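Note that the chains take the letters A, B, C, D, E and F in the order they are written out, and that residue 1 is the start of every chain.
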């Protein structure tokens, strides 16, 4: 019955990539802890680059600088 | 001072339904634990069906199959 | 497939009270949005009063003052 | 390596205000706990006023009443 | 810079299993989205079985029944 | 009515440091967005170093190596 929350910046992840994240995270819980995949929930949250910061700067600013 | 976070798939919940969730969750904390409703916070997050998975599949895929 | 996270201060909620929160939150999602109870997940997190603040003060401090 | 999640109602916070939140939260973790700013992550989530409740009412309703 | 939060019931996951979850989740973000592993954060939260519910019942109750 | 969640590794933060985090985060929301401090909630979560990973390794492993 695990719950996995994946937060990423909103930068164009495709439906296929999200499906791959859901599959991969579910398999990980099955493989490592023997969890039941049917009750494993994965929620992906996409966050604007203005709203995500690291090192005291937003990702928008870092991307503009070429980081 | 409880904090309740309700995550649901984004599938057209109305303003009235959200208000009912807020009221009901607040009353639950008051009734069960005697919490002060004025400091009980409820936050509803709606998540795209592409971004929610269970059983290793997104809800988009499951809905398309008729689940 | 909703996911409900309830955060409360750790102040002695009993197993029966937690069961009542789980039941009540699940029924709320069923009643308001017609969700399937079998895939509705409720997670309760208890937080030390030192670690919860409101109005710029921890709950420990507020309780000591009689709030 | 701290992770800070700030949830606010979606009411027009500007890019500059979000940058100030990211900077300020990062500095707080550095000043209080000596954390490394380069691995301090801040994520801001903006929530519709229909989806945020306090006192059993949505912020939309409270704003309409002038609260 | 992704952030992955894995919630599981507290039922004896070992340090090695947690390390496997951290490695696997990090690799997943690298493989699927090309994320930098050095800024990928994984946080595992273990929740008492009294505090986790599904189908309106705590996991404690379900385990006692043999589910 | 903001809600701030601060996750840090459990490595001995004192009550005074937690109080400083609560005060500082509350003041930040007041200063930057003009929020009401009396309804600003701060929740600090401390996570075991086995349960926190970055770069595919737990903090326990990184600390042992001297990082």
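Heads up, the rule we're going with is that a contact is a pair of C-beta atoms (placed from the backbone, for glycine too) under 8 Å apart; a residue touches a chain by one contact, two chains touch by 3 or more.
Going by UniProt, the chains are A, B, C, D, E, F = Tautomerase.
Please read all numbers here as calculations on a predicted model, not as lab measurements.
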D-F or B-F, whichever has more C-beta pairs in contact: D-F
Chain of greatest Cα-centre distance to subunit C: A
Chain whose mean Cα position lies farthest from subunit F: B
Same-site or different-site touching of subunit B by its copy subunit C, using the half cut: same
Subunit D-subunit E separation of Cα centroids, rounded to whole Å: 25
Whole-Å gap separating subunit B and subunit D, where each centre is the average of the chain's CA atoms: 20
Whole-Å gap separating subunit A and subunit E, where each centre is the average of the chain's CA atoms: 14
Where subunit D touches two or more other chains, by residue: 1, 3, 7, 21, 25, 39, 41, 43, 45, 52, 54
Chain-level touch network, classified as line, ring, star, complete or other: other
Pairs of chains in contact (touch as defined earlier), listed by label: A-B, A-C, A-D, A-E, B-C, B-D, B-F, C-E, C-F, D-E, D-F, E-F
Residues of subunit A that touch subunit B when the two form their complex: 15, 18-19, 21-23, 25-27, 37-46
Interface residues, subunit C side, partner subunit A - complex: 1, 3, 39, 41, 43
Complex interface listing, subunit A residues touching subunit E: 1-9, 13, 17, 20-21, 24-25, 28-29, 31-33, 35, 39, 52, 54, 59
In the complex, subunit E residues that touch subunit C: 7, 45, 47, 50-58, 60-61
